[in-house]
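Shown next, in structure tokens, is the structure this report addresses.
Chain nomenclature is as follows: A, B and C, assigned in order of appearance, with residue numbering initiated at 1 for each chain independently.
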Amino acid sequence: MNMQLQPQRTSAETALIDAFGERLSLLPGDGAVMLKRDDAIEAIKHGLPTRRIESWHYTDLRRLLTAVPDFDPAAATKAIAPIVEGSAILAILNGVSSTKMPTIEGLSVQRLSEKLTDGSIAPGLDPYGSDDAIGALNTAFVADGYFIDIADGAELEKPIELQNLQAGGQTHVRLAVRVGTGAKASVVERQTGEGGGLVSSVSQLVLGEGAEVTWLIVQEQPETATHLAQFKAHLGKNSKLTVFFMNAGGKLVRQEIVVRTTGEGADFTLRGINLLAGDTHTDVTMVLDHAVPHTTSTEVIRNVVTGKARGVFQGRINVHQYAQKTNAKMACNTLLLSDDGEFSTKPELEIFADDVICGHGATVTEIDHDHLFYLMARGVDEKTARGLLVKAFVAEVIEELDDEMIVEALEARLDDWFVAHG
Amino acid sequence: MPAVQDTIDRVRKIDVDQYKYGFQTEIAVDKAPKGLSEDIIRFISAKKDEPSWMLEWRLEAYRRWLTLDEPTWARVHYPKIDFQDIYFYAAPKSTPGPTSLSDVDPELLKVYEKLGIPLREQEILAGVQKTDASELEEVSDNVYKSGRVAVDAVFDSVSVVTTFKKELAQAGVIFCSISEAIREHPELVKKYLGSVVPTSDNYYATLNSAVFTDGSFVFVPKGVRCPMELSTYFRMNEKNTGQFERTLIIAEEGAYVSYLEGCTAPQRDENQLHAAVVELVALDDAEIKYSTVQNWYPGDAEGKGGIYNFVTKRGDCRGDRSKISWTQVETGSAITWKYPSCILRGDDSSGEFYSIAVSNGYQQVDSGTKMIHLGKNTSSRIISKGIAAGFSQNTYRGQVSAHRKATNARNFTNCDSLLIGDQCGAHTVPYMEAKNSTAQFEHEATTSKISEDQKFYVMQRGIPEEEAIALIVNGFVKDVIQQLPMEFAVEAQKLIGISLEGSVG
Amino acid sequence: MLEIRNLHARIVDDGTEIIRGLNLTVKAGEVAAIMGPNGSGKSTLSYILAGREDYEVTEGDILYNGRSILEMDPAERATSGIFLAFQYPMEIPGVATMEFLKVAMNEQRKARGEEPLKIPEFLKRVKEAAASLSMDMAMLKRPLNVGFSGGEKKRAEILQMKLLEPKLCVLDETDSGLDIDALKIVSDGVNALRAPDRAIVVITHYQRLLEHIVPDTVHVLYKGQVIKSGDKSLALDLEANGYAGVIGEAA
């Protein structure tokens, strides 16, 4: 790899390496897990990624990660109300999972710390590439989370809400979910908390044949937190996955979405909104591999940028040579509302199969002046009219979700954000 | 499906076996020893009778180059280039530049004859002999009904002939080799050379700055609309030579010029290096239209040989309301690494990039553009059509950025790729960076194969498969072809046709 | 002119058999209508006649003027005189309709050993044919079928049929998407092509088109076979009583 001399370590790099030394004896894991941790910290010792690493082109983590808080085991926090009433809540409070498990038919849950201790999770801890800094950071430090199994044929009526609630300090969690053949479920991943914590959170999902899952990621960290998250999924034959994310907080945020179709007939839908404000940096990076024939995907990302916020969307669709008859479409639309804000987009297509239909579109625009004029001509004042149009721009993506309860819940989160940042 | 397999087999043979410009020319050559050193650079500079400031400029670039690493970010793979195994200077012995046809080596004229359409040097050069302007006009009118073309021919590293100089001079236009410009117009060269692509810009541009041996120079003064198309014809002939031409085009306030560039090279087993730099400067209200038909030798069916084409082309819309337009048809080279760009510095300036890139055999193309919006009310437009066949890899890489002060920046990008066969790859890598709330960017890209439905429909009207594909492909690239001056449009369509010859059973 | 003998054909991709032992004879000068419910294999039959690779003939033969055409590619079939008016004509971006017509007409001429058409003669023919179909020449300057309305596309198909002078015309659901005025124009265009040395196969779901293009014979296609043949009264019977009766009879 890179044989050049490493430049001096940043204080954040040093803090992470030191923290690993201090935490090591407290981290759960058998020999196999500990080996993975060693490899992971080695990767961090090589340095955090800079903009010279293509996948980090717009998020120079080495430069942007300026401080790493200490672990704070004493910090207290408690579970919050779910966004959809009646959801089964699985909370992780300051990095620690609960011993109380819900009793729902077809659902079995284990604490991840147990899976680490017995080593059964070890094969899933490998980073997915040499540029997978989040994977490495998480593997090095992960102490808890949940391991969830949804039985074949199970259809869960209410969503499962996974709450990762940080309380300052460092939080490294992992959520592993297996969805059985023909099973159906909705999962809400809540990422929030109090204080300027450093969070790494990795979710990994495997969909069995014909499984159908809607997965919502609702990220509302305080504007002082660093949130480094990864969502990975494998889609089995004829399975259907809809991922919706909403980023509405955080100081430095990177949400990676890594999806691979492994069975024919799989369908992937990604919808997401970035609501960016303040002096913050938010990066959503998606890598989608169409690895088998006859799979489909669509992605729509909407961004609203205010204040001094900087936003990034990178989306790469890889169509493997064998993956004929792939149909993949991606769109990224941005409303840049402030001259101090910025948004960068890199939608990539990497196509090795010829019998495919692939496309992407990206726009950066202002509010449509005709629409604005129309509303104002109906007596709506300009500020209100702008607000309506901006909200409509992102709400469109939410409304596409076909679960009424979820749509309402997300629109409520959206309203909250607009009240706070209107 | 035997027909499909057959199609693929035939496609593999596209133009790599049929490279019709692949002849060598037996011309006496004057060469410097192989390799690169300060001495070689001094040799080149002395050979060209350059002033000392030019030599210093070169040496500074060379010293800089020694500190640089070869870039690796592009999606191209090739064995490491041994810069000590390349001739950096090779000139046909007939230099210094002839002023009439009788001075030109007859072998060279045969080359022009063989080249046929792209520039029709043969006829043009024949015109050169007739010094009477009216006769000249008559001859060239016969050649080009739609307009006349002045030609600068660069053979290996050296400009051998420039036509129509006198008539252009009457209009105040300077069109000559860059070597001549360094001697005759040092004040212009000093002012503009390296002002768009600085010597430190990138690995290959820096190398070029050190060793460039010739190229074209165009200066169109204030208010002048260049009375004819200007054209440079580049050809690499000598074995193991690198070609490092340097082109500098300046359009002063309100000036207009359309410039065409054509390239070919003979078939050889070895890879040859081509690293050109082109700089365009457009002042207030000026417009420069730059068109390229690139047909360097792409290598054979096994990927042996072919040109490594590492080119830096950049236009600076320095003045308000200025406009620079790049059009390229890329069918040749084993490796193409090329991003003709526009810096939209002046208010209300605009940039355009129209591109067709055809790759086949083992060709690798990584090409695209950069549109850097700095001024107010700047606009840019990108239309890129990639066609990948055989075992080739075809990448579009483009960047559009609007800086803080680029109020009302506008960009439209359309980027389509077509795949022929399942052994090739098409890749689209756009970068969009907006830092101004009034910016409006629109980007769309698609990748697909030639639709079986379309092909069947066309064939059902009695048009054989091969022609059906050529017809559909020519339709696919139409938006770009339309941007080319007429003579080049015909040439480009033919080239694409040749590329597709024998593509199906 | 056309003789289909015990034809069996399936979709290459998934092996589904669509045509299952079809027999049909159409003589020179004849207008034959092929009718049938949705999914009976009507469009498939037209594609197989024109040589589409998505279908594979597993048994039987198609003879055109006594010669099997199964080994011929679509272009060879076309230049031998087989023309298919598509139900959904393809849009070909960037290729001007006029340019396309010229290339296609000259391919026909080449196959007959004739010189390419001179431009004035070509223009004259196109203008006449366009006028007879009430088509605007401006439309022909646009890329082939791109942005044409459904009716314009169908007219353009008949225009091509006129200009290419085929011997065997296959019209696949040419009436679909046409309003009554357009239907009249298109039908007149087809009727004008009726000739003793030309056969026309009209594939349609409804009897409506057959009021304008009166067939000599009517064949009912069901599950990939011709289950009943008759004269034009059969079409009227189908219109009045639906396909159920005929299907029941055959079963």
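As a convention for this text, a contact is a pair of C-beta atoms (placed from the backbone, for glycine too) under 8 Å apart; a residue touches a chain by one contact, two chains touch by 3 or more.
For reference, the UniProt names are B = Iron-regulated ABC transporter membrane component SufB.
None of these values were measured; they are calculated from a predicted model.
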Which chain wins if you rank chains by how close their C-alpha centre is to the centre of all protein C-alpha atoms?
-> B
By count of C-beta pairs in contact, the leading pair of chains = A-B
Tell me, please, which chain's centre (mean of its C-alpha atoms) is farthest from the centre of chain C?
-> A
What whole-Å value do you get for the distance between chain A and chain C if each is reduced to the mean of its CA atoms?
-> 54
Whole-Å separation of chain centres (CA-atom averages), chain B against chain C | 48
Distance from chain B to chain A - Cα centre to Cα centre, in angstrom = 44
Chain C - residues contacting chain B, complex | 12, 50-54, 73-75, 77-79, 83-84, 86, 89-95, 100, 103-104, 107-108, 111, 143-144, 160, 164
Chain A residues within the chain B interface of the complex = 54, 57, 321, 324, 334, 336-339, 341-366
Complex contact set, residues of chain B against chain A | 73, 402, 404, 417, 419-449
Note: in the complex, chain B contacts chain C through residues 1, 3-4, 451-454, 456-465, 467-468, 471-472, 474-479
